[in-house]
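Before any comments, here is the structure.
Going by the order they are written in, the chains are A, B, C and D; count residues from 1 in each one.
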Amino acid sequence: MSKEHVLKVENVTMQFGGVIAVDNMNLEVNKGEIVSLIGPNGAGKTTAFNVITGVYAPTNGAVYYKDRMIIQNCPQGKMKKLYRGENATQYTGQHVLAPTPDKITRLGIARTFQNIRLFKSQTVFENILIAKHMLRTSNIFTATFRLNAKEEQQMREESEKLLKIMDLEDVRNELATSLPYGKQRHLEIARALATKPELLLLDEPAAGMNPQETLELTQFIGRIRDEFGLTIFMIEHHMDLVMEISDRIYVLDFGKPIAEGVPEEIRNNPRVIEAYLGGAQDE
Amino acid sequence: MDWITKNLPYLMAGVSVGGQYALIAIGYTMVYGILRLINFAHGDIFMVAGLIMVYATTAMPIYIAIPLMIVVTVFLGFMVERVAYKPLRSAPRMSIMISAIGVSYLLQNMALYVTGGLSQQYPTIPWISDTVTIFGATTKRVTLITPVLTIVLVVALVLLIKKTKIGMAMRAASRDFETSQLMGIKINSVISMTFIIGTFLAAVGSLLFFTNYTGVTPTAGAMPGLKAFVAAVFGGIGSIPGAVIGAFIIGICENIIKGLGWTTFSDAFTFALLIVILIAKPTGLFGEKATDKV
Amino acid sequence: MKKRVLAMALVAAMAGTMLTGCGGNGGNSSNTGSDAGSAGTEADASAPAADGAKVVKIGVYEPASGDNGAGGKQEVLGMQYANEETPTVEIGGEEYTVQLEIVDNESSNDKGPSAASSLVSAGVSVVLGSYGSGVSIAASDVFKEAGIPAIGVTCTNPQVTEGNTHYFRICFLDPFQGTVLANFANANFSAKKAYILTKLGDDYSTGLGYYFKEAFTGLGGEVIEETFQEGNSDFTSYVTKAKNEGAEVFFAPVSTEAAALIIEQAAAQGLTIPMMAGDTWDSNVILNAAKGKDVQIYVTTFYQEGGNADFDNGFKGYINSNPTATANNGGDDTISAVSAMGYDAYYVALEALKAAGSTDPAAVNEALWKVNYTGVSGSITFDEVNGDAMRDTAYVKCANTESGEWDFVAEQGVN
Amino acid sequence: MNKRTKMMWNAGLIAALLATLFILEQILPSGSMFFTVLKKGAIYALVAVSMNLLNGFTGLFSLGQAGFMLLGAYAYAILTIPVESRGSVYQYFDGGIIQFTVPVPVALIAGGLLAAVFAFLIGLPVLRLKSDYLAIATLGFAEIIRAVFQWDKLGPITNGSNLLRNFPSFKSVLYPFVVSGICIALIVMLINSTYGRAFKAIRDDEIAAEAMGINLAHHKRLAFVISSFFAGVSGGLLAMYQTTIQASMFKSAMTYEILLIVVIGGIGSVTGSCISSFLFIACSEWWLRFLDNENLYLGGFHVPFLRPGFRKVVFALVIMIMVLFYRQGIMGTKEFSVEGIADFFKNKFGRKKTAEGGASHE
């Protein structure tokens, strides 16, 4: 496997008021890898995701995508005094991309949500079609007057194709929220894929699934990685799933990365077992 | 001295109007705090309180009319909630807001029907309607009483909310509606209580307001209602001290603007002030910041 | 289930109203009365109508609610009284029963045109109204399009009739009234500084304020102008301003509703300078507000009680005999000038109908130009340009704050 | 039903509607309330749909519609009052400073554009606000616009707070129908385009929409500006209908009225907004007017309570009942369409069949 960084998180600290949710986090995700981020509840995993996808601006630190800095910040304003993290002087306060989630997505980083966020009033097909909107070349006039018929056609065809791949064809015209839970997770992933990402961030894709569904999901994630040439970075609690498909694993506890390595190493790391696996293995 | 005589009336009018807005604004802010509902009918209940007083005094002496007016108004507020808002508790927020607009329409039109569209002269209430002179400026005594009474009522209300059980239930409900329901708080009685307190204060407010500005018309509640609502948002909706401070600021600014001769913009200025605050601090002066969980 | 039943009932009710509505429209009968219209809408008109006499409809386009509701109602009272007095008219040798079609224009320039169209739809031959200039201007085009002539009763703004061949007017105009007032202020109070308060978006108010200013500054006076928004009820700062600036007269040509508030607050703040206004203030609303207070109020108006004893007695009798009429007149039997004007307007319309010899609006319109009628408020003939009555006198009255009545001050012309 | 037949049907229906209107206009007397309602209804339908685009389809709770209508109406009036009558209209301002006119369609579009430009500027600060705060801020801006247009110093342009009049208006009921129809068709085309889908995504879930690469600020601004453009055009039409306009007409009560129309029609349904605006106008202007008649007899029975103002009480009650018992509005989020009717009949027919079949099974 080549060692090309797709994602690099550098000294990222996220502090809300006096609470440090992510503490000086460093991690790398290489092309084609499946990397998992694990840790007990409240360890700051989702916050880390939110920093990477631009929902929150980090208090300090930088994020690189394909070796290009996309987010950078240092403690500013009130935070200057309050900041309790490290490396405060290393970065400037430029957001580089003025990080809003849509810009990050357009770079090629798509995500799913821990608590499913589908477009409630839309059908399965429309949910996917909406994600194609960001790839448009039409402007509001050409779209309104249907001068983009060709593009529209292409959007629809690609969405149909995705439906087929994701096994959602039979529920195509159902309302997204009327699907069973597992299917909703699939749909969320399908929707993320519709933006044609290179890096896919999955936030607890197996949450609420039974072992059978989890097993299917495990295979499914592997399959889409190969099929779409993806790099996958995910948060997950199901250890079977994590150990099965992860190339590498990061462990987060109280906002601090405490371990990193291939599944085998993590499984045997005493700090991890202490912090997390010991109590949670049979979750 | 001359300067004081000249400018004191503006300040007095401002403080007095501010106090009246404050009494209305509390009703808005408390209801919004719990139901997340802009109770558009509140200003009209204020107007109806004025009308009740007009009709009550034709039939009975004033010392009976005042308590009766307050009781009837409170009952009206209570009924409005039961009939128009309670059935919609599970409906989308837009429906309940439309219901509020509907109630406002209905109250205005009923008032129009009853009064025949004519402005009704508010009865003169002895003592507080008398004219007094301070520092060479003449005004009605009610102008001076309003801020004092407002502060007294607000302090009493804050004590009620801080110290009593029902007050605690109100605070709980406004913090988290669903959870407080799960914790065994009788949400309907809390909401009724909120409306009762809100309309009580509006009734007192109407007494003070209409003693000063004596014409009661079907639309008399619309402008004070809107201003009071703006005051509530300005102060941070859901916060009682916020509503009161917001109301005083708006009342005083409005009169200063008029005093400066910008009368065309006196209403517009209120809104401009509001927009500036909202942009600088989206939840108002004392509002709590709400964040979406991702 | 209950909900369903309710819903069905609602739908049924809607359907019912729809049918009546359609009947009213298609059958070309009155929309206010629909079928009942022929059964007898107006109590006085019902008897002859039942006999099968022909009916001619006169539209009454007046405010019954909103800012000018009080004045509008008094104006309508004059017309209703006249209608009771003379319920029939001979047109082209045939006896017609006159039926008043009354609509409420809500004192609102945007609701007015719809109310006007409902008159058009009811098939009236001529329209009387309105009290308030703005609503008259707003409805003007509706009548023009339908070819129906209108007789403005107390709308004093020049724009109502200007350039229109279908809109007539029996009262004086604001340039005249403003000048009278300015002259009066100058002559009687030797005022050099006037405070003018007008309401935004009220054409009558802005117009009269403007003409007063023109005349007053023409006399070497100085003015302070301020405006207030609709819905404003706090006038203390305006009164304060007038005091602080040392104005010698307080001129507020506004609706009675605002006037009552202004008087109340002026009294509370001890405003001692004379308050002046135009015809709108000639109303018992003002008298009631001013009663027992230390204020001086002067108004110009169209008619002075006592000007025509027959009318005064008859009208008072009419008001006192009918509780609704008493209520509409503000609870007492003070005669407002607008009632007298409404009364005259009705007779002007009858004259025009007689002269036209037909109920056709176009013929009535033609006939109106030549009408010459002497009513209780004086002689009425229309000039040839705009169809404005040629009036050269206004009455100045002063509110007696003890008795609650108007005291006659002067009859004043421009020269 | 395939796309082509659907389009044919729709085109046919529209043509039939216009033809019917044309014929009715020849038969019925021109002063009939029927036409008044149709004219005003068509205009309100446009503004209701434009508000629905914002509130129903993009989920932005804005109450600024009256303000944008004011801009459109003023732009239209100011640009079309004939130069020769300016002297009398702007009587206090020496005929005003604008001494030219433009053709009616240009003025209508200019009205829309003016509203759109203001919407753009207002949107910069306020679109960041959420739900109720956005509502109150836009309401505030509408009030500010109203005050500014009443300002004396702008009198040479706006005629201060006085009436603007003498501008061209329409006579035929077809005019507002055609203009509103075109505008509504444009809005529908927009809603069905990829941008419309993005708007709906924002309504359903802002955070998810943003994560799908939809630029929230940009799309909200687009929806706001476009909605305001059409509100501006409808303001111009309203001016034509009213024949006189004045800033004080465009109060917040007008916005509430439009909001009621949108909600009664169904938030998120274009046809619902159209249907309910006609019903609303008909009820408020026409059907209920007989209730104001004091001396109404049904047979020999003198109906009690009737006197001026009763109509409005009944109207308000009807609205309350609608709101309380039809929460979804007339159409919900559904649309009235040829296909829908076909399905409806099919279902009716089909259900009958199964019901009959079911009976034998039992």
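Just so it is clear, contacts are C-beta pairs under 8 Å (C-beta built on N, C-alpha and C of every residue); 3 or more make two chains touch, one makes a residue touch a chain.
Small disclaimer: the values here were computed from a predicted structure and weren't measured.
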item	value
Joint neighbours of subunit D and subunit C, given as chain labels	B
Chain whose Cα centroid lies at the greatest distance from that of subunit C	A
Chain nearest the overall C-alpha centroid of the shown protein atoms	D
Busiest interface, counted in C-beta pairs	C-D
Geometric centre distance via CA averages, subunit B-subunit A, whole Å	48
Between subunit D and subunit B, distance of the C-alpha-averaged centres to the nearest whole Å	32
Averaged-CA centre spacing for the pair subunit C and subunit B, given as whole angstrom	35
Inter-centroid spacing, subunit D versus subunit A (mean Cα positions, whole Å)	43
In subunit B, residues with contacts to at least two other chains	112, 116-117, 222, 264, 267, 294
Touching two or more other chains - residue numbers and ranges from subunit C	64-65, 104, 200, 227, 229
Shared-contact residues (touching 2 or more other chains) in subunit A	55, 113
Residues on subunit D engaged by subunit A in the complex (per definition of touch)	186, 189-190, 193-195, 197-198, 200-201, 203-205, 207-217, 222, 226, 268, 333
Touching residues on subunit C, where the partner in the complex is subunit D	3, 6-7, 10, 13-14, 17-18, 20-21, 24-26, 28, 31-34, 36, 39-43, 46, 64-65, 103-104, 108-110, 113-114, 117-118, 120-121, 123, 134, 137-138, 140-142, 145-146, 158-159, 162-163, 200-203, 206-207, 210, 227, 229-230, 324
Touch list for subunit D against partner subunit C, complex	28-34, 36, 40, 85, 88-89, 91-92, 147, 150, 152, 160-163, 165-166, 169, 171, 241-244, 246-249, 251, 254, 282-283, 285-290, 292-298, 308-309, 318, 321-322, 325-326
Subunit B - residues contacting subunit D, complex	32, 36, 38, 40, 84, 87-88, 91-92, 94-95, 98-99, 101-103, 105-106, 108-110, 112-113, 116-117, 222, 226, 229-230, 233, 237, 264-265, 267-268, 271-272, 274-275, 278-279, 282-283, 292, 294
Residue ranges of subunit D touching subunit B (in the complex, touch as defined)	55, 61, 125-126, 128-130, 132-133, 135-137, 139-141, 143-144, 146-148, 150-152, 207, 252-253, 256, 259-260, 263, 267, 307-310, 312-313, 315-317, 319-320, 323-324, 327
